[in-house]
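Shared chain: subunit A. Partners: subunit B in the first complex, subunit C in the second.
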Partner chain A sequence: MSRHQYIRNLDYRDAIDEFEGYAEEEDELSPEDRALMTAGTIDVQAALGVEVSKVTVAQIEEALWHYYFDVDKSVTYLTTKFINPPPKETKPAAKQPHGNPFQSRTSLAHVFRDMPWGNVPKHRETTFIPPPMARLGLLGGSGAAPKISKLQALAAARKKKAEEKGATQDKMESARTKMNELSVGDTPAAREVPLAGAFSKRLKTSESTAQGRVPLVLSEPTRSEPSQSSSALVREPEIMPSVDKAPQSMFAQTLFGSHADVFHRVPQESYSLYADLPPSVLDAFTKPSPDDVVLAAQAKAGKKTPAAQPKKKGTPSADAVAGEVGELKISDAPLPKSRNFDVLSEFEKSKSKKTASFVVVGHVDAGKSTMMGRLLLELKVIDQRTVDKLRREAETIGKTSFALAWVLDQRSEERARGVTIDIATNRFETEHTAFTILDAPGHRDFIPNMIAGASQADFAILVVDSSTGAFESGLKGQTKEHSLLIRSMGVSRIIVAVNKLDAVAWSQERFDEIKDQVSGFLSVTGFQQKNIAFVPVSGLQGDNLVRRSTDPAASWYTGPTLVEELENSEPSVRALAKPLRMTISEVYRTMQSPVTIAGRIDAGSVQMGDAVLIQPSSEKAYVKSIQADDAPVDWAVAGQNIVLHLSHIDPIHVKVGDIICDPAKPIPRADTFTMKALAFDFLMPMQVDVHRGRLHAAGRIETITALLDKVSGAVVKKKPRIVKPATVARIVVKLDQLVPLEKGLRVVLRSGGQTVAAGLLE
Partner chain B sequence: MTDRRRINGPAGATIPPVYDDESRLDLKTATGRSRPPNAIRKMYLKTGVTPSASGSAYLEIETSGKPGVSGLKLSCSVHGPRSLPRSSPFSPHIVLSTHVKYAPFATKQRRGYLRDPSERDLGTHLEAALRGSIIADRWPKSGVDIIISIIEGDQDRETSRFQGDEVWDMMNALSGCITVASAALADAGIDCVDTVAGGVAALVQNTSDDSTTSIVVDPIPSEHEKILAACCIAYLPTRDEVTNLWFRGDLPASDMELYTRLVEQGIQASANANRVLVECLNGTVG
Partner chain C sequence: MRFATKRQTFEAIDEDAGVSLLIVEPEDMWHANNMISVGDVIHAPAFRKVTTTTATGSTIGKSVRTNLSIKVKSTFFDPLASELKVSGNVINENEWVSVGQHHTITLKYEKGDIKFTIWKSHGWDSVALQTLREAISEDRPEAVVAVVMQEGLANICLITDFRTIVKQRVESTIPKKRSSAKDSAGGMSAFYEKTLSNLRSAIDFTVPRTLLLASPGFVAQDFRTYMQSEGARRADKSLQRIAKDAVVVHSSTGYVHSLNEVLKSSEVQKTMHHTRFTTESTLMDQFYERMRKDDGRAWYGTKPVEKAVAEGAVGRGGGVLLVNNAFFRSMDVGTRKKYVGLVDKVKEDGGEARLLSSDHESGKRLDALGGIAALLTYPMLDLDEDDEAESGDVEYSAEGTTVI
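So, the complex of A and B:
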């Protein structure tokens, strides 16, 4: 038996009785009650006298308990109930043979117990009795006569009484005529013709019952067809009975009204609406309305159809209104709400950790990515499991030593070639500072990406390969170019990580040799000696990155580790109070916004709800929300790497390399600019690529205005034909397209895959 | 295909049990024909019911007098003549498009919101019937839409058994459609050679045991034991032309006379309906 069946068969009454009996046993009588009960029982037995044999003690006790030991009441009760019970009422004779068949399913079981299959005896056959059905009622619903409520019964009784009091016949008559007038279709014309169909019949009955009278006897509508129908159908056309037009049914009456003919329309007479208004009011409407005046003025001004305009007091000048209307912009989404923070004071109050970002540069295969991977592993930003997984993956393609680099080089192309292609960002925190790593590519083909990374950095780690031969080739290669570039991008602090010292057995001589060469070279490039630090490290092993080297051969080094050196570096002063500038380094779609951009704020601050301008497209957008370090924030300041969700802008207006700026102080767009350039190569009027962070644009050097003194900046020679390497010149560059540029920006000029110059916009 | 955007009624109709009750016996036994075999039911026709349409008409064929048996209620609106859409090819005469649709509640079996094949069939018959009456070349490069809603189908609501083929009901509906569309066309002022009206004649078997048959006009399936064959005719009385003839049923192919008599009776029914139509149209002019 299924659980359902069990529940269905459960007898609730039994269950409840059992429960109550159990409860009564618990409920012990108190001693006083017990005494009262005994005394009461004796009294009752005495009062009953001879009849006492007909009741049990238990019955007496129950009666006493029920009547609170009232002896008289108990005696009356017992007498009527058990001693002289009234004759049982006769059961209603017309009881249905099998009860209500719908009542319960299980109760039918005994009925069919000995029922044979087939050949059911006659006396066992049932008679189905139709449920009472309302005549002509709608299908469904309750067929039973409506139950009369008490109020209805009272009303009926009153009505009956009032009728008995003798309402006169003429009163009744008048009531009846009124009722006739009220009824929908019973117009005098229609009454003459007996209506056919169910509706008419129903109408009549309802009318008569409403009057409380005997219903009018309605014969079934008899048709007035002539009886000349000929039963013999012959070829020649016979005379058919003429067909009269039928009267409307109730439905048609409701639809079209009871008038038989609506085609004789009453000719519409014209009449004035406000005939009796004073002439002053009428005059006011003879002239065009103020709205019309405004509309006419706008039409004259050549505007489009005006949108809804705010109503103004007085008569506004048409031009002003037209201007306002022109500025109206209809947008479906509400603007993001700004909380109007004073971001600078909030920033001071917040006392958050210092933020700093550094770029890792160096010659190709110097071990930049591996060193950073090791750094992240030691700082527990990534776990050993991830590295093990990467190592296994690296083993399958035979590049075990690249496993750590793969922490940052995540693209399949980067992994296959074993070089970093685009800058990879990651972040870690030390006790005082939150750092952002910008791992730049070392390969010379990807210098533009390295420039983009360097433009976002506060300081740099220059990784130098110390193994024999590698350092020398690096110094000729990208070690030199990178350091030149980062200096021209405005990075002044540099940490030189002398890598792979474990490969030369931590040789101090080798370290010193490299230190001499590099520091000499860096000071030539323009770095101050105090801003240069050297750390001997092993990126693969992790010595001197976070923890000191345990190798006894490296014990000669007692200076700070790389992380300590990073913490010592003061990030450059943020231009917080300047207008907002942010270079877009990534544009993508997210669930929150179709236009989501990532980048670093170069200057100024931004908060939720701010309007921003995107250059060079000059499109306005609104900041829907801001994310910093994967957490939503209300505001962000210069130096932070953030993600902005923009709204009210089409994605086609936003590209990588564009600049987001304050709409009040936008960055100007230009295709020609003058710059003070430090030449790394020979410069002459030639095609160049202009790099500015992520942005790079093709252009050409138009003119070389002057050669400048390297230190004082004074003009040495006007209009030179050529600029020699390592000299400073003022040049004019023309670009193919409009680019957002500003005074003081640092740009790099490259030509033919070589960096030819770097400098400052004037 | 059901339309899931609307609230549909149950797919299949449930018929409540009908009990064999003495008080209702008289209703059930009154299945005989309540009028002479050559008399059509009375009809109520009215034009100009839809203000927004160029022409419109409403037709009501009264019930048989039996309570619970509905009559036929049709409403027709004519839109046009109007220019054809640009995409359609050139047409030297007017393009008729007819739509006949049962209201979802019109019949015992609930109808869908989209036109089913039988409704499309009715539309095709109606178009054939009307095309013969319209002077089509007076309106080149134009189209007219004739839209008929069957508000109440001609069905016995209380019968529990299935009264034969639904096609007999369709024939009655078609004859009404033709008449009402003709009135609506006249109301729209579209030039016609004559008013066309529909009529139905049927060969019926009156009692189940008897094999005698008779021909009646305007048959109601519930009033006859069995309908053997029926024809629906659209007829132009003044030109004495039949524009559409729809014949259906089981008849011996040899008995040509029976066919002719059926058609004749259909024409008579149609001519009778036409009289009501003309009377109604005269009333609007006067």
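So, the complex of A and C:
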């Protein structure tokens, strides 16, 4: 077999085994070396003379190899090392595998023998805090397969193990105590005193986490520790023959523990590198590596393929490994960087401002965007200079009055045409609340976008154009449709901003007339009178938005300004404890992650490192980082508008309108659903568009199961041919594709550019 | 499709000799699919793989082109490739095949006219004749191309007289506006580019075609502008011409079912006069309009329509029966006869009977209504009464307390 073939057929595991076992293979010396070795051995034996009986041939050979067949140096080395060793050297490096040229390495093990390899007491373990921009997983690769470095995996496994230990500690305690009785106990009193003095404080803090293996050395009568393990350790001091070794410094003791503890556990007959690893760690290497375990578990969870059993020579039975894999349950566990917050309690602790979002709706050209632009200017979220710049730009295309609207309408199509096309979001804060503005488009073609905005809102501002004719046409148009929509999306609080009152000279009659009409149809729509507020404003001038109108003609109005009304509005109750649901309203690519999504958490909470599931693609991803209000945060809860940076997912699986959910409690996918619908128009078996937030899917009403009583919900008529407007019916809708849907969701049905029904999924 | 012989006419169909037809365009396969039903006999050219054994025992396999007659067991129509696969048992033997062997004939349009002969198992009834007439009809407008789009979604459709073929669905994610990044223009132009290249590859623009661009908002308009600028940039004369002739129409969504709105619009009515599609679409709209009024002159579902037809309510002066053509295809004889009977009765009464293609959007709307609907000449109320009572009775006994 050629070398090339050898490399090509190289098995990773074999290579590892080979590496571990190269002691057998690498001792083949070339003939020349062998000849030199033989000659050298004879020379050394001759040079050593009578002392030759104290060293073995192997030791000589090793020394020779080490000193490149320099006989003199070898002799010196052998003499100092084996024949006349310094007093502290008790055990010669004997019984090493024959002539291993790398044997010199093992001397390292000797040096670090009393290091508690992989057995760091829990209280000394470092807490790894990931740097904010840290990349997850190994460098390189596309990130398709969630790959974490061995180190991370080991850390995770160790952490896990430590936790498990904590749980089973009581049982293990007795056994461990016994073990200690047999082997440890050697704590010379001379060393105890200073330690007890200097470290008493420290020990107290660590006693809760102290485990049997932690070599707590305490002076018995002065302190009786509540920790069973440590007290047991101390109370039965057995005097063991003192070991001939340099006394440990106090620092070393603190770092590594009492050397006696470690020393006695080491089987000294032969040792190799990491000889004194605790059995748990040694076990870790006879079993599949943590990497394999993670990958296998993930494969098992994700694709239902049988866990890849790594074939290893001399591993314990496959069942045991499988059992272990099962126990680990790493697949759904957050990545190691997760801080495992209890988000709900964190949320209760944090006394941050209330967050609330509101949608601004109304007929096209009612002045929604302009009003919000003015509001942001008055609240100093944007500065006058920006507005002046926009005004100059607007002047160049002859639309000066649009300058304020351009604060929110940033797309070139929106500016060129002077209409809002898509939802624009912006933020401002008042004394008590942080508000998110969702500026909705008023044009009927963009109602899907408006629905998306309304689904993210706690309450709504309905902007009504008070100028003659405009109000009337708006009432027939989107003023009405928007009110219907926001009500059916579950928004119950509405503030009506009667806009452009400056154009009608702040006429109170006009205001009252509009108020009567609008409150009339709003209460028909289902808004309660107490949840409706009216504010006369001028969006362009900014009267009654933040500051009171200075116009004497407007002095008749003494009620609250728009911002005051906003502050009076209580955001709806959040479903914090429910499983995570978040509708994706935007997907884009950023420096932090190629899959960055934005949206509002509908229910539940999310934290950094969490595993999440994207529906309907059913792909899993991890939350790399979270941003709220342009600042990185560790967690977020329902009601917040956030940006998530995802990792371990291909952008192809993430679309606008998809739902991010808890992998343990995913939202089901369906293409047929039954809903209780309130008809706004005639319903019969027909084609409809189904809207749910950003989700927009084509489908049709398959059957109308029953007409229902509006109040009691009882069946009035079975299988009606047609559903008349303003009646409630139970209908079955079939969609063209699978979409994430669950009971209790609010959906809107549209057909031919008209909203025909809205209702709840059953 | 054409008759294979000049002497053949609709009036004189010899049941024994069968009807021989020539496939002259891909669209014919759709008609053939409507015409051929289970139990019919088809004689058509076919390829048969024949294995011969030589004296030494070695086998030679080869494909033989031969004419076969099969009794149809099933048909499969591939709308995108315009291929009709007809499976059945061979009924007359020849050199290569023996009687009773199974064979699947693939009928498709090829360069040389393909001739096939059809014998209907139950004779040429009125519906079969109507299908044949449609298939033979000479003057057929060129297929219209429609791109129904919205932000991030475009459906490229080819609307022929009888069906709508969604040639390509283009989907891409458009980054929405955020305060941090201001240009979604990049996303949109990438989307337009994708749509345009798909449009050019999916549709043959060498023959002059009407191109309809439909969308809510400004997407279609912007796409047209994009095509124009691309045409100018690439100095592509044909693209410039396509862009110039494109008609921009409003639709409420970018989904295929918005084609109904597109075809209703005045811009389209101006360019496409008498296409079957528009007529059917209008009829469906008329039906929904009547349903809204709830004046008892519009009914859907088999039972009410049957009753109305039996009463003679679908007759002269505006009576229209709308039936999905799928009802006449591969169905058991009894059911087919029932529906043929309905169609004949309506024609007898002087009404109009329309077979809507389920491959068209209007047909799909009819499908939603159960595949059959009727516009009545006079109001009839409570056609669904006993129906209701029956099912209601069952419910009563089951639930007992249901309040109606």
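Rule of thumb we're sticking to: the second predicted complex is superposed on the first by the 426 of 762 C-alpha atoms of A that agree within 3 Å, B and C clash if a C-alpha of one lies under 4 Å from a C-alpha of the other, contacts with A are read in each partner's own complex, and residues count from 1 in each chain.
One rule holds for everything that comes next: a residue touches a chain if its C-beta (ideal position, glycine included) is under 8 Å from a C-beta of that chain, and two chains touch if they have at least 3 such contacts.
Source: prediction; values computed, not measured.
Chemist: Touch check for A:A424: first (subunit B), second (subunit C), both, or neither?
Modeler: second
Chemist: Which of the two, subunit B or subunit C, is in touch with more residues of subunit A?
Modeler: In the superposed model, C touches more residues of subunit A.
Chemist: Just subunit B (first), just subunit C (second), both, or neither: which does A:H443 touch?
Modeler: Second partner only.
Chemist: Which holds for A:M684: it touches subunit B only (first), subunit C only (second), both, or neither?
Modeler: The second partner, subunit C, only.
Chemist: So which bits of subunit A does subunit B touch that subunit C touches too?
Modeler: none
Chemist: Spell out the part of subunit B that touches subunit A in their complex, as residue ranges.
Modeler: For subunit B paired with subunit A, touching residues are 16-17, 19, 21, 34-46, 48-49, 58, 60-63, 65, 67-68, 71, 73, 151-152, 215, 260-261, 264-265, 268, 271-273, 275-276, 279-280, 283-284.
Chemist: Show me the residue ranges of subunit C that touch subunit A in the complex, using the header's touch definition.
Modeler: 152, 173, 175-185, 216-218, 222, 250, 252-253, 255-257, 260-261, 288, 291-292, 294, 299-301, 364-365, 368-370, 384, 388, 391-392, 395, 402-404
Chemist: Quick one: in the complex, what on subunit A touches subunit B?
Modeler: Within the complex, subunit A touches subunit B at residues 128, 130, 133, 136, 139-140, 196-198, 201, 220-221, 223, 225, 227, 229-231, 233, 235, 237-238, 240-249, 251-252, 255-256, 261-263.
Chemist: Residues of subunit A touching subunit C in their complex?
Modeler: 410-413, 417, 421-426, 443, 445-446, 448, 585-589, 598, 630, 651, 655-656, 682, 684-687, 689, 696, 698, 700-702, 714-719, 721-722, 724, 750, 752-754
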